[in-house]
Each structure stands twice: as C-alpha cells, then as structure tokens.
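Next come two complexes, and both contain chain A; in the first it sits with chain B, in the second with chain C.
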Partner chain A sequence: MKKEKVIKQTLFEQKPRSFILGVPISIWLVLIVLVPVVLMFIMSFKQKSGYEIVNIFTFANYLEFFKNETYWRLMLKSFRMAFIVSIVAIITGYPLAYFISRRLRRFRNLFYMLIITPLWVSYLVRIIAWRTILGNKGLLNLALLNLGITKEPLSIFLYNQVSVVITLTYIAIPFVFIPLYTALEKIPNNLIDAARDLGANEINTFINVVFPLSLPGLVTGFMLSFIIALGDYIIPAQLGGNTGIMYGNVVWAQFGGAFNWPFGSALGFILFFVAAIVLVIAQVFGSKEGIFAE
Partner chain B sequence: MQNRIKGTDLKLRERRKFRFPYLGIYSILIYIFLYTPLIVVVLFSFSGTKSTVSFSAVTLKWYQELFQNSELVSSLLHSLQVSLTAVLFAIILGTSGAFFIVRVNFPGKRLFITLSQLPIILPGIIIGIAMLIFFINLKVPLSMLTITIGHISFTAPVVMFQVTSRLLRLGKNYEDAAKDLGASPVKTLFLVTIPMIKTAIIGGALLAFAMSFDEIIITYFLTGSWTTLPVYIYGMMRFGLSPQVYAVSTVILLFSITVIFFMARFTGTRAEELEVKK
Partner chain C sequence: MQENKLKMDQNNKDNFSVPDMESGGKTQIALINVTKIFQDFTAVNDLTFEIKKGEFFSLLGPSGCGKTTTLRIIAGLENPTAGKILLDGKDVTNIPAYRRNVNTVFQDYAIFPHMNVWDNIYFPLKMKRISRKDAGLRIERVLKLVNMSDYSKRFSHQLSGGQRQRIALARALVNEPEALLLDEPLGALDFKLRIAMQTVLKDIQKDLGITFVYVTHDQTEAITMSDRIAVMRQGVVDQIGTPDEIYNLPATPFVASFIGEMNFIDGVVVDELAEKLKVKIGDFLIICNKNEYNLHKDDEILISVRPEKVFIKPSFSLTNEIKARLSRIVFRGDNYQITTTFNSSELSSVIAAKNLDMTLNLNELVTVSWNAEDARVFPIELKRNIIKYK
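This part shows the complex of A and B:
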C-alpha cells in the first residue's frame, strides 16, 4: 500500500522533470538536422534563372536528372564503385576480423587497436599518402623503374578509377572491420566446440556456424562502407582525374562553379534517397548496434 | 573390419584437423597495406629535396617553414577553437540526450533515435548542402559560427551513442541501490551515475574531437574566408604535394596517435571491470 503510493509519487514527480532532459537534444535535432534537410528539400523544387533563385514550384530539377544521361549514369557509376569498394573492403576485412577474434589469444586488443588507428589518422593525410604512392613520381613508379620493369614513369596509377577504389577501400576497411569483429567475437565458444565435437573441421564450422552468425555484422559493415564511398567527392577529385569523377563531384560543382543550388539540392536529395534505402535494408538485416557502440 | 574403422577414424581426424591456411600471413599483408602509406608520409617529410622522390639529405627544413607559416598556424588555431566548442556542446547535448532516450519513455522514440543518427550515417555531402542552404536562408554569413554549428551536427550524436550504450549496459540497478540506501538524487548522480559513465563521456568526446578536427567534407561547404586546418591543407594539396604538406601531415599523425593513446585508456573494458568488482 505504502510502496505503491511511493512509486506513484516518484512517477508523478519524475515524469515532467525527466522530459527536461530531452529539451537540448530535441532542439538540436529539429534546428540542426531536420530544418536544414527540409530546407534542402524545398530548395530542390525551385529554379535557377540567371544568378537568381526563383521561388516557384517545379519538378524540373528532378526531370533533368532523369533526362540528362550524364547525371543518372554518374549515379550508377558511383553506385557500382561503392559496391566494389564495399566488396573489396569485406574481402580484406573479414579474414582479418576472423583471425584476430578467433585465432589470437595474446595481444588481441593490440592488433584490434592497430586496425582502428588509421580511422583516427586524418582523412586528408591518408589521401596525401596514396597520391604519393600512386603518383607519376610516386613510389610505385620509382620501384618499377628501379627494378627495370618499366623505362618511363607510368601515369596509369594515378587519376583513374582504380586509384579511387584503392583509396576508398583503404578508408573503408576499419568501418567494415569493427562490426565484423564485434559479431565474430560474440559467437560463444561452446557453439564452435559443439560443431568440432560433431566432427566438423574449420571450414564446416565456418560455413554452418560462424558465417551465418556474423551476417548482421557483415551487413552493417557493408552499409557503412557503401555510404562512405557513395557520397565522397574529395577522393575522386584528388585521385580520380577525368575518368574517376563520381556523383559527389557533380553535386559539389552545383554549389561551386555552376552555382545552381536548386539542381544541386535535387541531386543531393536523390543521394539522400538512395542512402536511405541502403540504411533501411541495413536496419532490417544488420546488427542492432551501430559502429559507435562501445 | 577393425582396420576399416581405424582407417575412417584416421581420415576423420585428418579432416577435422583442417584449418584455414595462410590466415596469419594474409593478416600481416593487410597490416602492411594499412601502415605503409602512413610511413611513407613520415619519411617524405624529412626528404631534403623538393622533388618528392629522392632522399638526398635528411632535413627539418619543412618543419621550420611550417611554424613560420602564419596562415597555417592561424588555421590550426581556428580548428582547435571549432573542435573544442563543438565537443563542449556535444558533451552537454549528447549526455542529456543519452539519459533521455535510455531513461524516458516517449512516443516515437525509435524514430527519434533513427533521425538523430542521420548526421553520422548520411554521406557528409548531404549535411554540407543542407547546412549551407540553412545558413543562407537565415542570412548568416559563412564564418566560424557556421562551421562550428555544422560540426555540432555530428559531434552530438557521437557522444550520445557512446553514453547510450554505456547506460544500457550498466542498467539502473546501481542507482536504484544507491537510492534504496538513502542517497538523495543529487548524491546518486554525483557519486554513482557520473563515475560510471565518465569514461564513456570522455571516450565519446575524444572521438568527436578527432572527427571534428579532421572534418573537411561538411566544412568545405561552410567555409567562407575563414579556414580550418583541413581546409588549408586541402588548398595546399590542389597545388601539388609540397614537402610542407608531408610535414604538417606528420605533425597531425603524431597528434592523432596521442589522442588514440588517451582514447585507449578511457574506453574498452573499464565498465565491465566495474561490474565484475561490484
């Protein structure tokens, strides 16, 4: 009787007070996230005329995207590039996550930290590093020249799609690795022991036990890497040259040189839409913890 | 008959022993792939000649030039200003927000959580465009203020989700126990709750700081004549890679490693230890 009263009292007292906790973050969410995105959406229906932005409602910007081959082809190209990057990052990251989480006993944390560390190293520094390696006067060319394989420096390494894929993959590996490692590490050892006792070797165990249990981590890793690669405009601009241009570059160009904000907003919103689909798929099939969970 | 059983038994044992070969070597190769570029940057910063390839003389010349470059030093100070402000706001917004989404039940909570993840999971270019349009609509000139608000968009959820996962893992038992033992809510907050989540806040703040200090994709949309360090370096990169770029990269690299060191101390298994010790 008394206890109930206390519970009722604390509930009554706490509820309005605890909602105060939500005030700062709600203001942040509305003002800094939602309003800007809505304004971008509204902007995408306006029209540029000369150097003015006209306040009319039109679908012209979206129609332009579908009518003009350049734009939707670039979207497809970026989509394909993001797909390749994510696959390569998983092929690189999966065996690594498996090795560290299931084979290593000692120094496991150290090797884990060594994969995470590049994530903390400046994004631009990593781009600079790859330009140095792949460039005309870069290390790769120097090595080939010194080994006598080529007589002149090759320009094939820099300024093409391959160098963009390499650099994007390099950026993406830690993002793929973290959710995979988390998923693999969580698999209870007695499941593996049971499979072993039933006569399965490492391959059988992997196919029937480990891999299915790691799928949520795989989906999350794929999604993170995909979205990073899909919207990037700095790496294609720095390493891609003419053939390496991606969707992000034309979006950026609308706000820089072309000065067509309504069209740029429409292109941005299409990217938003594609990213949202990928995110929803990942929400359904991926792990419930995000990358920033401890 | 017995021999046959023995035979299959042996085969079975052979089969069972099979493990993936070369996994260790493959992993080492990936570590080499991850670290070679970083080592290259450091080596080039000491190269004596302006041509990026030869190492005719080891020199500290580029580092000296770096500190005499007043534009670079001021953009570094700008970056520190922006990142520290953005992290301060992130700690307030993120910690209160974490308590809100963990401890308070309200309708539309899942949507709230999904929407507040947007700035960290959407491609940066979208946040950049949206922020730019937002400020132009408000007629706010591009300046330090716009960059800082742009950064708060992603630093707040970083801290919030670090603290959220800590709160979820620890549960409410310790606080309830403290209250049962007669501690006032204020006392519980300062003696139980804050010590438990302190490392998560610091870890989240460090992560947010590292992301903010390094941010270029959103910042590039919001920068007027007011440059941060990444914007300045990006400007340098467009005129080819000078040894100064390598020197500044090496300094940033050292700085990142220091931050990682602190990060490693503040996150990880600490909270679990706390739980085991009781």
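This part shows the complex of A and C:
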C-alpha cells in the first residue's frame, strides 16, 4: 500500500514538471516554424487574379509545375548542382576535418576557428569576393596571364554554372567541416589502437574503422550542404549569369517581379517535399546515430 | 634477483641472444634498456627484463608507474625513446604494431561499435586476407572458448561489461598470437564479476599455453593469477619475482608497502653479529637478519614486518619481544586487527578470529613479538618510497 503511494506521488511530481519544461520550446516551434509554414501552405492553394490574391481553393498552382517543362527541368538541374556542390564540399572538407581532428595536436582549435571564421562575414561580401577572384580582371585570370598560361583573360569562370558551383561549394565547406570534425574527433583513440594491434595498417584502419564511424557526420554534412545549395538564389543571381539560374531564382521571382505569391508558395512546397524525400533516404542509409552510446 | 638482472644486462648489451633464465623455459619477450620519455615526463626508465614462453607475467604498480606504457611498447603502439624489444629473439623495435604477432585486450575493450561480434572477431582475420568462409570455423571455436557462441550477431551496446570483455579476449586470441597483452582488463568490472573473470582468464591461459602479459594495479589480482610479477614504481621495476617472493621477501619498502599490509618501524643498528643485526627501536633491542643491503653499525634503518607475523601475548617464544600498549581492536570478519603503540610507533597485528582465545583490554601493556626471519631491513633513505594511502 505504502509503496504504491510513493510511486504515485513521484509520478505526479515528475509528470507536470517535465511537461512545463517543454512548453517554451513548443511555443517557440509553433510560432517560429509551424505558423509561417502553414500560412505559406494555405497560400499555395490560392489564386492570383490581376494584382490580387483570391481566396479560392485550387490545385492549379501545383498542376502548373507539372505542365510546364521549364520548372521541373530547372528543379532537376538544381538538384544536380546541389548534389555536385555537396560531393565536392565533402571531398575537400573530409581531408581537412580528418587532418585537423586526428592528426594535429597543437593549434587544433586555431585551425578549427580559421575554417569557420568565414561564417562571421556577410554572405553577400563573400559572394562578391568570389566575383573578384573569378572575374575578367580577377585574381584567377591575373595569375593565369602572369604565368603565361593564357594570353587573354578567360571569361569561362564567371556568370555560368561553374562559378555558381564553385561559390556554393565554398559556402558549404564549413557546414560540411563542422559535423565531420565532430564525428571524427569523437572516435575513441583506443579503437584506432585496437585496429592497428589487430593487424590493420593506416589505410585499412581508415577504411574499416575511421571512415565507417565518421559516416553520421558525413551524412549530416551532406544534408546541410545539400539544403544550403538547393535553395540558394543569391549566388545564382550574382554569379550565375543566364545559364547559372537555379530553382530558387524562379521561386524568388514569383514573390518579387511576377507578384504571384500562390504560385511561388506552391513551387516552394514542391521543392520542400522532394528535398525531404532525398534527405530521409540519406538519413536512413547513412546514419548510425548513438553509435557510441553505451 | 638483483644478480640475475645484472647478468642479463651484460649479456644483452651487445648481442640479441637472450639466455634462458635459471628455471628453464624459452624467452618470449625481452625488453632491453627501454626508456620512454613523453615531452618532459619519463614514463619508463631504462627497463630491462624478460618474459618466458607460456608464462603469466604481471606488471603491477600504482597508476602512473609506467606499466601501461610498457605494455604499449611491447604491443608496438608506442615507440621507445631508447632501447630494444625482442620477440622470440628477433628485434621488433622498429616493426609497427600491425606486423607484430602479439595482440592486446584493451582496458575498455575497444570493441568496434559499427560491427557485430562476429565481424569484430573476423577483423584480425580479414586483415590477414582470410575469407569469411574460411574464418567461420576459427571464429566459432574462439567464441566457444570464451563461452559466447550465441552472441555472434550482437553489437557492442547490446552486451554487458563482462560479455564485452570476453569478446575482446576472443578477438585478441583468434589470430593465435605468440603473446597476449592485457591492459587492466578487469578494471571496469564489479567485484564478483572480476573474481569470476580471473578464473576464466587463468583457465584460458593454461589451456592455450600462450604467454600472458597482464597489467594491473590490483595486487590481489596479480598475486592470485601470476607466475611472476614485476612491481613497477615511477618507470622502474623495483622487483621481479614469484608472488611468494614478492610477498615474503619484498626487495624495497615500496614493494613491501604496495603488496598487502605492512608494519614499518624505524631503528638504528647498534651491533653487527655474524648473520644478524642488533637493532634499537625505541627503548627496545631486537634482532634482525642481515640481507643484500649490507647495513652496518650506526646505520639508520627501516624494518618491515607483516601484521600476521606479529603476535600479541604469544604462548610460545619468538626472537623479538617488546612491550607495547594496546590502542585499538578492529573486528574484520574472519580476523581481528590489533594495533599496539610503543615510543610513538604503531604496530598492527592480525589474528585469525578463531585463534583469538585470550581477553584483551584497551590500554593494557602487552607483549608483542615476532621472529627475526619474518622481518626485513632496509636503509632509511628508501622510506620515502613507501606508498601512503590518504
């Protein structure tokens, strides 16, 4: 009897308290995340008429996307570009994260800070900086001219898909680096020791132990980079020229010049759903979360 | 002991042929003048000893004494700053860990968390390019050896500490190494499980006849399991010997204080006899046996004697007798610890509960006695190495 009472009491004491603790975050989630998204979702079923948005319920905006080849072709292209960006960012970011987290003893924090400092600089400034690198009178052309590799400045670096991919990759690298660094740093040294003790040389240790254990970080990095690249419209607008346009630019145009908020919302949601599917697949195949939980 | 060490030093200075030690058995592992310095800290200082084939050899010492570093040097996970390591007579000093035929059981097991038990044990075989099919039988056998046959599909986080321990053992044994190195393998287990695993380890060692090098800070573990023990202190070996030698003839006050309980008494040599020393402790004169320290008249000395060798009010006659005041009686289950005081020194004695047939009163003046051969004498300078637990 007495025991039962005690259990009941503790349950009573714990339940309301943990509920109260969850309230602020729930309000925050609803207000900042859920409400705007729901509003946009409702918007995507409305209709533009002249310069007004009419309150009727229609699937026309969604149908328009599938009817008009331009939109889904642009989406495929954006996916392709975001994919390339993420892969290149991982190929560049992985050795960096590996070296700094597992090889460097001193200055590890310094290098870490150096890599994430660009995040403190304005997005636009960093984009313009790449214009001064890739442009006709930019650093790259200057270097090529002075080295005698080319006779005239090359215009192939700027205002096309290449410049967009290069700049997006640059933007994405810190976002790939951070989760990779964290995952690699978390690998206990004694697992590396064990691998070597059991007959694995450096390469085999990396292939069989380090790389598989860094996979969760790699997937997180890939997803962050993919999301950043997929939705971006500033970089294509600034550096893309005619050929470098991405899906984000079209969405942006609906809210700007075209003044078609319902269609813009619909385009946005289509991207959202397709991206969500891709990310869930990546999560399922790559992530082994809580691998060190013991 | 000392003599043996010297002999070995001379033999190993110039050539690698390590002579067998007196009790027979081939040398499996030899360390020759091995030193390891980390930045400004000397972890291992000029270590020379050898481990025989099939032997259960323990490296025993308090934390920070260099025992784990020594083990890692043997494994090849640490490069010595100076000195040589021989495995089966071959110099392996510059051979990396993955090409040495010794395997390690790590302190926290180091089971790969992304592989199941089977794949963990397959790992060392995979590194030898043995196919999964050919490995099956060997893995089955080694799983059976550690009594874990039903767990091959489990992952590390689905196993208890003791089970992980067994898997780590199986993984280290599947390659049939020349020697198995164990780094405090039972340290993380609770008391009862530790005792059970001690038996498992000892049985496996006996069955396979593999050399075990066992690092521990637990003196009971070392004494119950080992064939020989090296007691380490601050990067040097104070004594190498059988558990019996280590316990009954400790080479230094450090060894004496680290293993079991020990009384230490300060004294001064007042006279030298043929094989004996006449020593003054407080107001009393006692007799001690001479030993390798060659102590002489007027030397200040430290005397050590085990509590179980100190008798209170004995009905029989012993070499040394003093009068002391009884200051404390502690019941410890199967025995009593009785503390007596004389001239501001304390002496404790341990008497089996069933043997305590007299009445003892606190503050009573009693006869305390022990035999000369149960005490050891050391120069007083070594007193600073006594381990004090605070």
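Keep this in mind: the second predicted complex is superposed on the first by the 247 of 294 C-alpha atoms of A that agree within 3 Å, B and C clash if a C-alpha of one lies under 4 Å from a C-alpha of the other, contacts with A are read in each partner's own complex, and residues count from 1 in each chain.
Note that in this section a residue touches a chain if its C-beta (ideal position, glycine included) is under 8 Å from a C-beta of that chain, and two chains touch if they have at least 3 such contacts.
Keep in mind the model is a prediction, meaning the values are calculated, not measured.
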Chain B versus chain C as contact partner of A:212, first or second or both or neither: second
Winner by number of chain A residues touched, once chain B and chain C are compared: B
Contacts of A:195 with chain B and chain C, given as first, second, both or neither: second
Touching partner for A:39 - first (chain B), second (chain C), both, neither: first
Which superposed partner A:98 touches (first chain B, second chain C, both, neither): first
First, second, both or neither for A:279, with chain B first and chain C second: first
Which of chain B and chain C A:117 touches, first, second, both or neither: first
Which of chain B and chain C A:261 touches, first, second, both or neither: first
Touching both chain C and chain B, counted on chain A across the two superposed complexes: 196, 199-201, 292-294
Footprint of chain A on chain C - complex, ascending: 72, 75-77, 96-99, 103-104, 106-108, 110, 112-114, 123-124, 126-128, 156-157, 171-172, 175
Chain B-facing residues of chain A, complex: 18-19, 21-25, 28-29, 32-37, 39-40, 43, 92, 95-96, 98-100, 103, 109, 113-118, 120-133, 135, 137-139, 142, 170, 173, 196, 199-203, 206, 224, 227-228, 230-234, 238, 248, 251-252, 255, 261, 264-265, 268, 271-272, 275, 279, 283, 289-290, 292-294
Contact footprint of chain C on chain A as seen in their complex: 188, 190-191, 193-201, 204, 208-209, 212-213, 288, 291-294
Chain B - residues contacting chain A, complex: 12, 15-20, 23-24, 26-27, 30-31, 33-38, 40-41, 44, 51-53, 92-94, 96-97, 99-100, 103-104, 106, 112, 114-127, 129-134, 137, 149, 152-153, 156-158, 160-162, 165-166, 169, 200, 203-204, 207, 210, 214, 216-217, 220-221, 230, 233-234, 237, 241, 245-246, 249, 252-253, 256-257, 259-260, 263-264, 267-268, 271
